[in-house]
Amino acid sequence: EELTKLSVVLGYVPNVESFGAEYALKQGYFKDEGLDVTVIPAGQGVDQVQMVSAGTVDIGISNPEQILAGVAQGAKFKVFASEFQKTPMAMTCRKDSGIEKASDIAGKRVGVKTPAKPFFDLFMSKNSIDPASVTTTSIGPNDISVLISGQIDCEVTTFAFNEPRLIEAAGVPVNVFSFGDYGLNSQVDSYFVSDAFFADPAKKELLVKYLRAEQKAWMEFFKDPAGAAKFMVEGGFTDGLDLDQQTYQAEKQALYMKDAFTAEKGFMWVNLDTWKETAQNALASKVTDKLIDPTDLLSTEILEKVAPPKM
Amino acid sequence: MASQPGESGLSIRDVGMVYRRGEQVTTALVGCSLEIPEGNWASLIGASGCGKSTLLRILADIVRPTSGTALVGGVTPAEARAARTFALVSQQSTMLPWRKILANVELGLEVAGVDKVERKRRAEEAIELVGLKGFEQAFPSELSGGMRQRAAIARALTLKPRFLLMDEPFGALDEITREKLNFELLRILKETSATLLLVTHSISEAIILSDTVAVMSPRPGRISHVVDIGFGHERTGAMRDDPQFGAYESELRHALHGPAGAPRPMATPSPSHALA
Amino acid sequence: MASQPGESGLSIRDVGMVYRRGEQVTTALVGCSLEIPEGNWASLIGASGCGKSTLLRILADIVRPTSGTALVGGVTPAEARAARTFALVSQQSTMLPWRKILANVELGLEVAGVDKVERKRRAEEAIELVGLKGFEQAFPSELSGGMRQRAAIARALTLKPRFLLMDEPFGALDEITREKLNFELLRILKETSATLLLVTHSISEAIILSDTVAVMSPRPGRISHVVDIGFGHERTGAMRDDPQFGAYESELRHALHGPAGAPRPMATPSPSHALA
Amino acid sequence: MAFESGILEQGLGAADEAALHRNEPPPGWLLEAIGAHRVRAVLAPLAVLVVVLVGWQSLCESGAVSPLILPSPLAIAEAFIKDGPNLLAAATVTTIEALTGFVLGNILGFVLAVAFLYSELSRRTVYPLAMAAQAVPIVAVTPALILWFGNGMAPKIFVTMFLVFFPMLVNALRGLRNADTEVMELLYTLSATPLQQLRMVRMPASVPFVFNALKISACACFVAAIVAEWVAADRGIGYLIVLYGSQYRMPQVWAAVLIGTAISMAVYGLVVFAEARVAPWLNRRKRPISD
Amino acid sequence: MSSITVPDLAADAAGGSEPGTGPAGIPWGLVLPPVLFVVALVALWAVLSAAGLIPRYILPAPGAVLNEFTRNYAVLARHAAYTSGEAVAGFIIGNAAAVLMAIVFSYSGLLKAAFYPFALISRAIPIVAFTPLLVIVLGRGLPPVIAVVAIAVYFPAFLNMMRGLASADVDYHEMLHTLSASRWQRLKMVDLPASMPYLFAALKVSASVAFICAIVAEWIGANVGLGYLVVISGQYFKLPTLWAAIIVAAVLTLLLLALVVLAERALRRWTAAPGEI
């Protein structure tokens, strides 16, 4: 039987965050669905939004802020699933800086990654922090040494379960401030395709198959997160992963993927309310020039057909 | 002995040349005319800077005259060059520094598309002729000044051209080597019935090698005198003992030094115009 | 007339020179010895490629001999160079292409740290002397071959050195210019009591300009003959008419051409060793 | 056909062979040739530019390329107008970084070249080290640089300097060694001091190489500064490219890119101009008439 | 050449004095000083690290990096192989294109006039801006990285060749002219040989940036290669891996550079005269 080709670009370098796709591929779940899936790892500089809009890949996995920015610039997408219910994006602060709550950053030095600059400005305004009271300095896209060395007190943004672990492993205890708790929630690692792709019923059917296979893989993840981490580290997907960190992340990220909403609707469900909040924030932080109404952007059609477990 | 002047020989008609660079204007030639019938041998003598090289460079299509026309074998220098009817030995005896002597001597033949074996044979012959045997594999920088000059002569000789334009080719050579090459040149000219235009500072060399000696006046250069040498084409070293040789010599010296010039200048400086 | 040989003049003692590059070994000089007392004028003549330039380059500290010693004013060439006691006019009349003629002639004085006004004065004087007035602002590429050579002579003359080493400085000049410069050179040598070592291919020029003419044998070069010229230091053009002049000339020609060589070679090629 | 040496400087364009070999004295053809090829030097690239722009615009309008990838020329122009002051402010920062790095790096490169020329020991020890240093992927160490220098202009200047000094070192060394043997012998017999040799012969001889290095870096210094900013900065063109890029504001990204390009071209032009002033003999044909 | 006293003249002409070779043919004079220097540098690094003067988060101790080489060499080798392939391919493609373009421009005044400004502009555009386009057009992986390297590398050779092809003495041109040589012959016999010093100066410059460019490009658009390894090990704070990758990249760059230097020497040995070029 002929397999149908389908490509997906991950949200980041292959790690437990993308266990679903990699494991499904490895175990032949995609093949069982009649799909010949190409998994394109991402990383620095690979832009899933651009790739999907240019048609070089079928499915993209990316952050809502970026998907919205793309839409604001004229791209047409459909989001059909989301990995995270709560954003793993976080601010990580050194414990010795004495920052216990968000407003404590006044008078402190915060290292901000360039793309996160608007986001951080919004964070300050939402939490009534005077930007003038904070010394911000820009840092590289994957730089935690500045925080470890003590040149900055906080770093924006980090993942809640990635950098903090590494920083503590380097001997610097930290406090982590998850942005979801500060009015900046978003469904990180949302799955999207171009509007045209989605409009084609035959192709739409592929998405159902794809998601079904991935869901199956994710169920294995929840059974044994540590095993999943081991699978990712030793599977030869990417060099340089840290087993301890990946195990930690695997344990932690489950908490960001499942909540009351998924228990009601199903795993990987898209949450219109979260998206509305994100769209508001994107406008407020001037990432988009106009308010994007996510209603048309999201579709639960695929999810409904897949009918993922409510968990 | 040869065809009509200007028809197939070298022909310079009312040629003028002005060099200009910004303020600096140098009139090198004014109204120069000279006809050298095909097969004839001619020499050009004149004070340093009078325009001899310029005239040769006009015939070789390196520069174009400001006025007048030059013909080589009845066609323009450009056409003659394209047809490869002449060869030039320039005053600097230019050698490509990255080529060994053999390859430098072969260059003209290589450009003309002569095959490898043949051009090596001809180049080796010419190298032997100018006395550079044993230096085929030396680089130009390893040769003495005179040896480089001989290599440049060899390169021109390999081409067996209809017209041979030579700019002081023997200037850096000692008397013996010079005379030996003078007679080798005569032999080759006769063999190939080539036409020669030679720039030289040696009056006796001019007489030995020419049917016609043209004298140029100091800058701005013009052909001031033409002396025909009646020795025919059978020449030996003994011709110097001919009283006629001495007569030609003094006539030319006279022509060269101008009416006021003595055959042998005094220790007192001559008027600077004669020099500059 | 001058101090003891070797003490303060030019001294070449048993000098040998072998050029080597990979397989290619050229023995340029073997056991060369020559003493030129200070204030004396000497010439070096010999076949092309016999090692004349090499000898001059040894004295000028450009190359070091493979064996033997060379002294300039009683010290090594390197010390003499450091003390700026000599000036060299090389065979190529080297000019810096990016400097105009005036600046090229001034170069030696500039290097020696002579102040601007003075060096301009002296350079202009020398330029006038060699008949290049009016070409101060031309670039070397705009001069004829002979004019460039004169500019190189002018540069050496500005330095008024104790020792003047000249490698065929007049080779590209016509007879008149050449003789005029010969006598200018004599005048300057007398004025400055300089010592001269001149390489030339002209036997008569060697006699006119020298107290001593050294003849070199063909490669490998050695000094085969030394002829003392007894004309004293008061010289005029008339000395050529002196019968002694002719005697020197034929002695030198004889020495040069070797026992078998005739004063005037035949049209038949002489043995190639005499050339190469 | 006339003799044509082909010695023409960059930026001017080869003149017609016909224009070169004429019955006129040199300045005649020179002026004419310059006149003729000046016109062509402007018209020809302009024609290419127009073709490219029209093609580009219609490609974008056809919808064949995503606006998230390639903005249309008109959209870029619009971004220029809308975002001008912002772009200019950023460009100023980047220009200061790039030019400071350019100047420092080239001075360092030239000084090292001179040192290597005169000191065998320094060459043997420092040259391999300079090569090794150049071999270090500097961008990969930028985070470390930021640790040392902070995230202001200093690390960007350092990166720029780092990428600029090597082309100058290599070219200057080659150029300083390019002096003619005969000319060096002349200076040598004149007993010129090393400094005089340097000033009178080696420096002039090195000019074509040195200016090539300057030209190489005139463009590269901006790229270097931008890449350094791109790692971590809160100002400058590189910063704007990253920020706008992360929001897919492609017209603005390209406007920022083009303003950087325009300034580095201006610096390039300055280098060409300086070359013509400093080394007129380079742009003059060696023998005006003969060519 | 021992007989030459003019300091450095022979060496100058040869493009650098060639230090004497030892009896075994190993050029100790060339090898020893840098080796000693590197050894001294590493020793300094070790001492400073041991003394705690270099924080671990800036630069790990040499032992840690060395350990990385022994423990993780397979991973390093795999990524290094990718990067080398990209850098070398880009280097060759870029320089070949540069030489060709310079030759074409030296032949055609019109083409030169029309495209020269764009050749310049292309160098002035930050590669960063190109990359998304290249990744889209060429796909992810080696091709866009090779393209970035080629684009970044071609410029020095292009500039230097433009100059080098015009650098030959007029005398040589005049001679070939009177021999009625074709443009191609002139190129082959005079202009190309005369441009070699220019070309090699450029090749040294571009050899030194080829790896850097490959790494930057990998950083942007690849998931293999040393650039990627640097990014990912930075992200996961595996500084020994990061520095090992940097050292490998530096060593590879030096190898490429050495190759260029050797090629230059070989070419000089075959073709060039002593004291010339």
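Which chain is which? They are A, B, C, D and E, in the order written, and residues in each are numbered from 1.
In this section, contacts are C-beta pairs under 8 Å (C-beta built on N, C-alpha and C of every residue); 3 or more make two chains touch, one makes a residue touch a chain.
Just so we're clear, the structure is a prediction, and the values are computed from it rather than from any experiment.
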**Fill in**
In contact with chain A as well as chain E, sorted by label, we have D
**Message:** Count the C-beta contact pairs for A-D and for D-E, then tell me which is higher.
**Reply:** D-E
**Request:** Averaging only over C-alpha atoms, locate the centres of chain D and chain E and give their separation in whole Å.
**Result:** 18
**Item:** Interchain centroid distance [CA atoms averaged], chain C/chain D, Å
**Value:** 48
**Asked** In angstrom, rounded to a whole number, how far apart do the mean CA points of chain A and chain B lie?
**Response** 86
**Asked** Where does chain E touch two or more other chains at once, residue-wise?
**Response** 6, 57-58, 132, 136, 169-170, 174, 177, 219, 234, 274-276
**Item:** Residue list for chain D, restricted to those that touch at least two other chains
**Value:** 3, 69, 143-144, 147, 181, 185, 188, 286-288, 290
**Request:** Would you pick out the residues of chain C that each touch at least 2 other chains?
**Result:** 19, 21, 61-62, 92, 141-142
**Item:** Interfacial residue positions of chain E with respect to chain B in the complex
**Value:** 169, 171-172, 174-182, 185, 189-190, 193, 271-277
**Message:** Considering only the defined contacts, which chain A positions touch chain E in the complex?
**Reply:** 13, 40-47, 50-51, 54, 56, 140, 142-145, 148-149, 166-167, 169-170, 238-242, 245
**Residues on chain B engaged by chain C in the complex (per definition of touch)** = 19, 21, 23-24, 26, 45-49, 52-53, 91-92, 128, 130-135, 137-138, 142-147, 149-150, 167-168, 171-180, 183-184, 186-187, 201-203, 235-237, 240, 253, 256-257, 261, 264-270, 272, 274-276
**Message:** Per the contact definition, I'd like the list of chain E residues that touch chain A in the complex.
**Reply:** 55-58, 75, 78-79, 131-132, 135-136, 139-140, 219-223, 228-229, 231-239, 241
**Message:** Considering only the defined contacts, which chain C positions touch chain D in the complex?
**Reply:** 60-62, 81-84, 86-88, 90, 92, 94, 96-98, 107-108, 110-112, 139, 141-142
